[in-house]
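Residue numbering begins at 1 within each chain, and the chains themselves are lettered A, B, C and D in the order written.
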Amino acid sequence: MATHAAFMPGAKVETLTFWGVIASWLTTVDHKRVGILYGSSAFIFFLIGGIEALIMRLQLARPDNDLVSAQTFNELFTMHGTTMVFLAIMPMSAAFFNYMIPLMIGARDVAFPRLNALSYWIFLSGGLLLHASFAFKAVPDGGWFGYANLTSAQFSPSHSIDFWMLGLQILGISSMLAGFNFLVTIINMRAPGMTLMRMPVFIWMSFVTQFLIVLAFPAITVALILLMFDRFFGTLFYAPAAGGDPLLWQHLFWIFGHPEVYILILPAMGIVSEVLPTFARKPLFGAPVVIYSGIMIGFFGFGVWSHHMFSVGMGPVADAAFSITTMLIAVPTGVKILNWLCTLWGGSIRFQTPLYFSLGFIAMFTMGGLSGVMHASPPVDLQQTDTYFVVAHFHYVLFGGSIFGLFSGAYYWWPKITGKLLDERLGKVHFWLMMLGFNVTFFPQHYLGLIGMPRRIYTYAGDLGWNFWNLVSTIGAFMIALSFLVFIGNVIKTTRAGKVASPDPWDGRTLEWSIPSPPPIYNFARVPQVHDRDELWRQKHGDGHGGAPPPKPAPVTAAEIAAIHMPPPSFWPILLALAMVVMMSGLLISMYQVIVGGLLTLFLMYKFAMELHRPAAGHRH
Amino acid sequence: MADHGTTTATHGGGGGHATVRTYIQVAIALAIITGVEVATLYIPGIPNPVLVISLLLMSAVKFYLVVGFFMHLKYDHQIMRALFVGPLLIAVIIILAVMALFSAFLLLPRPH
Amino acid sequence: MADHSATHAAHDPNIGNTGLDHRKMGMWAFLGSDCMFFGSLIGTYLAYKGKSLSGPTPYEVFDIPLTSYSAALLLASSLTMVLALAALQDNRVKVAAGWLLATAAMGLHFVLNQVYEFWTFVNHYNLTLSTSLFGSTFFVLTGFHGAHVTGGVIWLLLLVSLAWRGQLDRRDYTKVEIAGLYWHFVDIVWIAIFTIIYLIP
Amino acid sequence: MIARIVKRLDWTRLCLLGAVLLLASACSAVGWNWDTPMSTVNPKSDFGKVTHEIFMLISWWTLGIFIAVEVALVYACWRFRERPGAPIPKQVHGHTVLEISWTIAFAVILLIFAIPTIRVIFKTQEAPAATALRVDVSGKQWWWEFRYPQHKITTANELHLPVGQTVTFLLNAPDVIHSFWIPQLGGKRDVVPHRVNQITLTPEVPGEYPGQCAEYCGMSHANMRFRVIVHEPAEFEKWVRAQQAPPVESPDALAQQGKTLFTQSTCVGCHTINGISAGHIGPDLTHFASRKTFAGSLMTTTPDTLTKWIENPEHMKPGALMPNLGMKGEQSKALAAYLLSLK
């Protein structure tokens, strides 16, 4: 493989100047680089969201505390929720979609490489616009759910809600563009022989996620448009005095919001479904069932939204209907957990860091799933909704589930992405600290919720029995923070002097491990022919039904590599993203800016479209 | 570029391949249905539920004609059909559910 | 790129391993997503139908003959769109450009009708965005449809200008086809809006 | 055997395990007290009890499933750990009968949850009997107003109920969405602007129960609390009569000075004192001093807290809608004395 060194991104970078390197990243359309950009931006936002959480935990460490003001606390939980959902977990998943989908389906890039870069730059601008609110001292304070009519101009007159609304709108555009891109990539760019049922389960879960993204985001886009018109142009959608119903927002928000929960968890489920077989050295148990249950979860995900609204008074019929659909959705989820257990059963389990995090996922997600079943019953939900019991529940799902799953993926694919192995010992310390800290933080919150502590309160009285466990929870939060310092330390240490990773350090089962670490810019010198879900395993060990491994293919020739064409870098994605932000942020400043930004956006869309229309004169027939 | 042309021909037209003749027939059908729709509105004495249901049916037929013939979905690959029809069904179900939640059905067949 | 795709047709970067075109598939996925967008807007309109506390009612303001004419315009523009495509397939670029221009012209006429309609509502019936729930839901729903039409008109005019400059031919069939898909979609949304908002009492 | 185990022990992990166990036992020693003022698992009404039954049913089942899954997970990890020189395990792809049976098992368990759930949903949302006591609850930024239309009483932040009497709360909000919640008496119900929601329950045990707004409603959401006092019927009647009586005038000079201040200042624009003023923005103060707490049940009613509140409401309840009237020293003390005379 050393002969391909000249095509590796690393080798190319050495010949560039500093500004050349910067420019090469700003204009990149390589899915791997876009993936790295997504991953590193998401991790920084994750740290910001984490610091917000720590400040909140400090404030709640004791009753009647005055570390931060009521206003600041409300801003903190709003930004913490918004950041973690839209700027940390979703883009961390997007990082893996970007980097891994083409590698695992045997493709050289995504279907629309420039659109992919555009998605990233729009995401980054949306995140930055949202955080610009700190600089303008108008930090969003309506909660990540932004319930109307508290967000109306009457009750939130400052620009804080505007920043939130516009930021979310921009992030939604980014997610949807990426969603279309991955949908087409997965359907249309699978290597020959990779039928739908031969797709790795991570690809399947990503596939379902993309459907959820492109179908759920329009609902919040509309909800935000209505809010924008209410705030800027005097419409009455959420104005009770004119007959408008604030519950309309809740319905539209949760039509988006519940699929969003699955958008956050399905990629992690996909990662776990890759990591467990690799380290148990055994195929995923009941893979078709895991796939179908993923599809069921995705489909039912559109029919359960009102279980977030059992307390609003929808009437017994609606309560009962949404209760039943919610309980139904628990079936495929439970089935998945048992399939993962059976994957381990009878295996030969190698205990390496990626597996630890996947096992952590199963252990913790089970807890979150089961407490979720409790809320499926509306009478029980009426006691638990908007209490810390729910806070504990969804942190067991989104931290114990998504974050553990994503870190499993990070440890698993790190050597593929960087070419260096992360330190196993530090990895395990990270895991145990995170596991311990996580449970110390969030397990007591179940209890706090059951003894009546509501969510989103910046202070509480000292005579309600909440004091001790709040303090414990705060201590746990700092243990989690410490565990991430260990992770950062691990990254720094191994980047400087880590073990060099072989193409296939874990004895992997899928195609990404068949190419060098890190992969060359074109990924596959020769597009593979696929015969099995665990194609690489088949090539190495046979098909598991007694079939011998196939003979080694002939080495790749220089001519084959010379015939590969990769799309050239492009400046248009980043410029277009900037123009869109100019347009959207104009709503905060002046309508002239909106118009100028809009025209600029149109012009740049034209340039973007025309870039590949006719590369040069004379090529026409 | 000949080969490119054949690619587009097979993908653009698919198997059944609508012709200009078909397009014009479809357009005439659409015009007639629209005419009937508007005319129905001016016929006195039609019970409201009948009016609503017949209007919805007629617009569904128009919808199908445009999607099936003008957009070639009738002839196109099943992946394309799934990509459009699936979301369309989810959207329709959600509209119906939202109407139920807001008691909007009570208002639909409203007497004049 | 163009000459590479000529020599290695199999490597046309826009055609996937299923033999389908990326861009066309992407457009269908977008249209599926847009169903949810208009679905949410139509759902909002219906949820609020008949719940306005003041202001004129739909009966008082709708001009059914004018709107029927607009609906007919969009349907006719769908026909010219497919005729443009058929002409392009036979490489009759000038004819195709003519049909595209006709499509754009009818789209523009539709938008102007809508502008006139809005103008009448505001000036003769005192119905604005902030008059009542009807005003809010009606203007936002039909306004976003109008914005879609406007976007389509700009897209079509760009294609016409490419054809004018000799930069559009049969090779660009798919590009025109996806513009057409978008255009027809805007038409079917209007079929739904026309019936649900204008015709159903 | 033992020697082999000792040799193979991983001391780092052992210490970690020890630390976890120590922490867990230390925490358990502090205890999990379920009988706290806002406990949801200590029901004191019919509504709370039916909810609690379902909660316990689901809890036991899910606890069982949870333990089974975790034990299976740990056991599988231990039993199937990699051993040196072990061959590649058998490549098992699945088991159809197993898949079908556990799918059915989950469906059956969920049916066990669903049946009582549906029953309770319909039972607890029945139309209330005509004999029920009616309380109109109004959630406002950030305090609660309670009206008893049958008794013509208006009060704030303090809800008095007779034990054993079915009560129907009609919930309404003039500003944003709130949520009415008395944990020991049952589940919450949102208070939505321009929509009347309803909750019906029968308190079964006399006592004092804290309540709190449970839907984020802006800056001082955390301070939107209230108290519920469930009386024996006779005591409730006594309370009703006291509330219906006209305000008591105190002969105290300071209080009289406060009364003059009250009538001459902007106080009258927002507050009602029967026979003196008729404002409807802030709480009714006719029997202010009969209430143990004020300002969203945030502070105990004492001369000191009241004086501070009058001097700077914003400082005590962030975002408070009561303006700072610029009263200081004698003025605020006089006003406090007057209000405290309104038994």
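General observations
Note that contacts are C-beta pairs under 8 Å (C-beta built on N, C-alpha and C of every residue); 3 or more make two chains touch, one makes a residue touch a chain.
Computed from a predicted structure; not experimentally measured.
Measuring from the average of all protein CA coordinates, the nearest chain centre is that of A. With centres taken as mean Cα positions, subunit C sits 14 Å from subunit B. Centres computed as Cα averages put subunit B at a distance of 51 Å from subunit D. A straight line joining the Cα centres of subunit A and subunit D is 34 Å long. Multi-chain contact residues of subunit B (touching two or more other chains): 1, 79, 83, 86-87, 90, 94, 98, 101-102.
Subunit A has residues 183, 187, 214-215, 219, 243, 245, 248, 255, 621 in contact with two or more other chains.
The complete set of chain-chain contacts reads A-B, A-C, A-D, B-C. Within the complex formed with subunit A, the subunit C residues making contact are 1-4, 8, 11, 13, 16-18, 20, 22, 25-26, 29-30, 32-34, 36-37, 39-41, 44, 47-48, 51-54, 129-130, 132-133, 135-137, 139-140, 144, 154, 158, 162, 166-167, 169, 171-172.
Residue ranges on subunit A touching subunit C, taken from their complex, read 111-112, 176, 179-181, 183-184, 187-192, 214-219, 221-223, 225-226, 229, 233-237, 242-245, 248, 252, 255, 563, 565, 567, 602, 606, 612-615, 619-621. Contacts from subunit C toward subunit B in the complex involve residues 5-6, 9, 12, 15, 18-21, 24-25, 28-29, 31-33, 35-36, 38-40, 42-44, 46-51, 64-65, 68, 71-72, 75-76, 78-79, 81-83, 85-86, 89, 170-171, 173-174, 177, 180-181, 184-185, 187-188, 191-192, 194-196, 199-201. Looking at the complex, you find that subunit B touches subunit A at residues 1, 79, 83, 86-87, 90, 93-94, 97-98, 100-102.
On subunit A, the positions that touch subunit B within their shared complex are 183, 187, 211, 214-215, 219, 245, 248, 251, 255, 302-303, 306, 314, 318, 621.
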